[in-house]
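Structures are listed in the sections that come next.
In the two assemblies presented below, chain A is common to both, partnered first by chain B and then by chain C.
Right after this comes the complex of A and B.
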């Protein structure tokens, strides 16, 4: 019989873990290069980053776990890290080797988690990162002694400069074939009565057959005993008998006069203190580091806030200014591609689907890619320098007034560009209630897709006059719309956070890591990963939604109408030039008349389509707001993307759109000429503002709905969000319209 | 007998209670020792894990509406609400009396 070995079968699974801010991601990027795969863990939106270890012949998968301070998790991110290490996620293979990254300049705190992981008894390597920072702080860490004391290999690194990475890679390959270590004891002295409880609980835990590689059940028992929160895994809950046993054990420990929660932590820290004393040599007493000096300014009560606001203004402006050219180029590119494809496909349904459903619809969303790239470039820079935690810390004071926390600020700011990256950026918020509240209010920040709608309606409805002689009324309206959205968002956040999202006020405790120079590679990689995520959703969900909307705006066909217009076109084409009119002039006139007929046909087709019928159907609901059924069509069609309102209205009013810039001008003119059945103008300041207010509030964006669905993992929240915003939009638009009518506008 | 040149012990924490007081009432720049965590069990558990154990010394760096302090070489930002739940004992400061 062949001997049974527990040699890992290829591909070997190596797990990378460590505290937040220890440079783990830099180590991961250096080990795997640029080909990491980013996905989600099943059922949660915690990012799962995986890549192949580069530069080795053997196939080794590296899994980068979210940063965590301990194995008693406090957030979904930390829960995932714990669950992978305790093999509680079925779809993640058991680790064959664990690499713990620790920050050498902050060894004390980092070793808390590191020793917890070492106790699990996997093959473990300690990557001692940021030894350069430790040296700068006047501390020398002895890696050989640390390795002896922890009984695991220790590799010193400066990951940001790539030094030590080759050694770490070699050690990973070498150590994978090493025999599994004997189960280590605990770091820290626990009283015998505690150890006895651990042993009996471990026996119970070990009784459940573990399919993967074995790990130290004593360590798991210690975690279970020391944390009274029901150990609920995201995937697999701890069975009731084990929980009962743990509860009984805790009671017995209490009777013995032991604080079961505090004792293990204190024992571990006592052990770590002795360890640090042994391995760290204080070379110089550095009283004030660069971080100290920077923090004195950057977290200052006044300067800190001013610098923060300056940075945010810079970021916000860059998003709009720097992204302008690439966005226009992208828009032109998508249009060109659409035309090229349009030329290849004969006119008909497929042609219309490709041109209007795919290229126009998805193109409208994809043009935001440059804004998303710039936004995430900034976020990456802020995160990698260590400033982000300060920013969250500074904003916490303001955000806590509406029940949110500092970390909610950046997602909300991003939503002024586009709600999609804003909602994607909420992943950094650990508290689920705060994250949900931020997602629910993010669409209230007027995104850049609303700008064309506002611009058109302001031009058509708001008189070009100065208020009090010098304030332009049109600009004031625009500013007012932005402020209205922002004010409403804060109010709604406060309302939600004091009702159904009510929770204990978030007790902010945030590590402020030392400032460091970001690596270009790391920042660009972060940007690329986000961009890819966005493109992926544009290519799947948003594409599907656009096809549905195209269908609604195109069907049903009417053979009769098509025939009628075909005859009209033929009649125009076969016209004879009247005397005195040249051939060229005739051709131009024929072309113009055919374009007019085409626009007329498009208008009629839209008006009789499902979307047109829906517009008529919802007219009774919209009438009190001052809208007619044609505006209803615009509202329904702009569900694909808000700016589609503009093109839809030009189709509805059959404005020939051969020249887009001219058409906008003529569209404004057309809107001004629209007459109600009672003879009054349709687009008055009252109805125009009512419509703009409607656009401030209504969640007129299928892509946002799709992203919220993905980020909250249920349909419940996007449906709720859509409904509450629709109700608020209607009420606010109604109030605006009635108030302005009453005031005589 | 003159006091000149001799060391006197002076509480410079700014706290009214010399024995224990909440961290949010301690003056910036003071070194203190944690005596008790008054937070709910989960919060206390996490605080201890992050190094805020009883008997641990920490240094308060800034004291605005939010607080920055240094615990075993790591720097943390805390909200005032949380700082209120950390009871500390100011460490005596030795100063040259003038």
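Right after this comes the complex of A and C.
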């Protein structure tokens, strides 16, 4: 077939592809700088990363495909890569040039996918990355010979150090103007009968497409013949005549005694083995690489586990401790900003909407940022160094007991700090059922937002005594709540994986890449991309929900009440000083009384608002759990975010909020003083524990709902999650309350 | 020529073997083969995980981890 000379029309589309762990992302970042655009492919949760090639006059778009082991996909990520390369996605333009990144220290396996892609017939450049690692392992790869044998340009790189990037950039620009390569043959010897079947299938495929084949139909035919998976099937996507032909071809090959599934793979690897023998020279006999020595310790039966536990504890504590200051700073900053804006607006509904609805809402979103950033900083480091796969390796057995896998461990651990980044981190789990199970149980890992609620209720309801003389009951309660959440999570995972999420155990082959020194730029960039994604998608929903809650808590107004309180305030202001009280003391007393009046008014406003009415409305449902309608208001408000419970209860009981720590103590006092209609205390150990158990289970976090919606691409799962957790929360709280009542608490 | 075939899971750490065949449904063995476990490949068993599962193997210059169950489906001839 004569080469087709066609000048590509600007902007040119260059696709970057390769195995996972070959440094593809580093190459992409080096070529496109920090301005990559991250989105989604239509209809799936696979990330679409695009950026403009820097340092060239021409407009060239680089598309970074997900890491792929083969054009026969094993996951949605790999399916997208295949579909882009076979031009099956409408919104993605056809590639003008393909850059395949391969790991020079792992050439055998990397060439499997590389040769598949070269066979597609695009203009192709092979980026031979990690040449330094190959040298460390005592191997030298001959790029010129490799280029000759593969018939494509080969550019050696050490992307992490930036060397070779300039040459790659130049080659991309030069090659875009070159003619398309001639129809490449296959890498590997296939028997003639096989080649005949491919040729006739290719004719059928070529006939269906537009004239001037965009890529090599023979390569597509080869993929079709060998494609044995019913799901993500290339065969089933074809029109009926082609499906029939493919099936008939397989039958004929079987009759000829050929295994149509394994033959192409064996042939390809035989060719690759010969190729590698020619291009790789052993410079030194390296018995044990640095990676091997590290692994002897890091996956050691005893040391490996201890180091792993130590690292996890460090990560966990960092998320709690390091995030605290930035969170408080951000909170204060947003509040200050809200106040500044508030000064410019006269008091009234708009003022209240801005300060308590909008800015409180923005604050609720922004407050997650430090935890998300720290967690993704850690995860980025763990992934880029290669330790992440060792973590999954160590934990796999434990996780598989409940039907999950090793990769589920870190997302679940992170959920102890906050489920949002934990759920976002489940993207590394390729198996959809395992990923969904992890997402559905993540909120059961008691997140840090529950701490203020636990602290308040434990102080108010659990006596400050010691069990058996030395174990403080209060600490025991806290520990018990965490264990309850964890135990429930594992039980629910096991339940889901045994019922509706049941499926054949996926093939859990994982690569353990050699350890690498991470680049600071790469890690920070990754962290920033995740943070931006969160701000954009969760931010909008959380802000809306906060405004709705503000509305429910503020309206309806009562002109009567406002007038009444205005009169009371005036009476206080114009009071005459009793004998013996000086001016300053009088002023202080007036201020205090006005603050008390304000708190009282706020309480009455909340109690007569829509939220208050909703509290009364659901009281019959809450009564069996030991709660009353005021607690109901707190629970309703918490559906935006759990920690809102504390501030809401302060308002409900009209506790002044001048000094936060003082008001907390006085809130505890106030709770202890609450009496039921029948005369008994409202906040007893029974009702307190029941409420805490309710908080262990209930999904009270609008942000979580938003993120689950985004990560599962539908409303079905977040709604299901919310419902099942609500039901379990009610049942467990009921059981706790009744059991404790029976036991006499 | 070695005469006994064993599942890969039975090869102790530090020893090598040559892949002979993979006994499992076609959908599963495709990925195993594409990662390099074709007949004739030399595989080295490195270690088992601290909790006993999965197993770390090396072949063709790359390191993979397989669950015992999967390693049991790969029949090899010890070297």
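The rule we apply is simple: the second predicted complex is superposed on the first by the 708 of 745 C-alpha atoms of A that agree within 3 Å, B and C clash if a C-alpha of one lies under 4 Å from a C-alpha of the other, contacts with A are read in each partner's own complex, and residues count from 1 in each chain.
Here is the rule we use: contacts are C-beta pairs under 8 Å (C-beta built on N, C-alpha and C of every residue); 3 or more make two chains touch, one makes a residue touch a chain.
The structure displayed is predicted, hence computed values, not measured ones.
Of the two partner chains placed around the shared chain by superposition, neither chain B nor chain C is touched by A:161.
By the touch criterion stated above, A:714 is placed in contact with neither chain B nor chain C. In the superposed model, A:305 makes contact with chain C only, not with chain B. By the touch criterion defined above, A:313 lies against neither chain B nor chain C after alignment on the C-alpha atoms of chain A. On chain A, the surface touched by chain B in one complex and the surface touched by chain C in the other have residues 69-70, 72, 74, 105-109, 112, 226, 228-229, 261-262, 265-266, 269, 295, 299-301, 389, 393-394, 396-397, 400, 505, 507-514 in common.
Those residues of chain C that touch chain A in the complex are listed here as 26-36, 38-39, 41, 46-47, 49-54, 56, 60-67, 69-70. Put simply, chain A touches chain B in their complex at residues 69-70, 72, 74, 105-109, 112, 137, 226-229, 261-262, 265-266, 269, 291-292, 295-296, 299-301, 389-390, 393-394, 396-397, 400, 504-514. Contact residues of chain A toward chain C in the complex are 69-70, 72, 74, 105-109, 112, 226, 228-230, 261-262, 265-266, 269, 295, 299-302, 304-305, 389, 393-394, 396-398, 400, 406, 505, 507-514. Contacts from chain B toward chain A in the complex involve residues 39-51, 53-54, 56, 61-62, 64-66, 68, 71-79, 81-82, 85.
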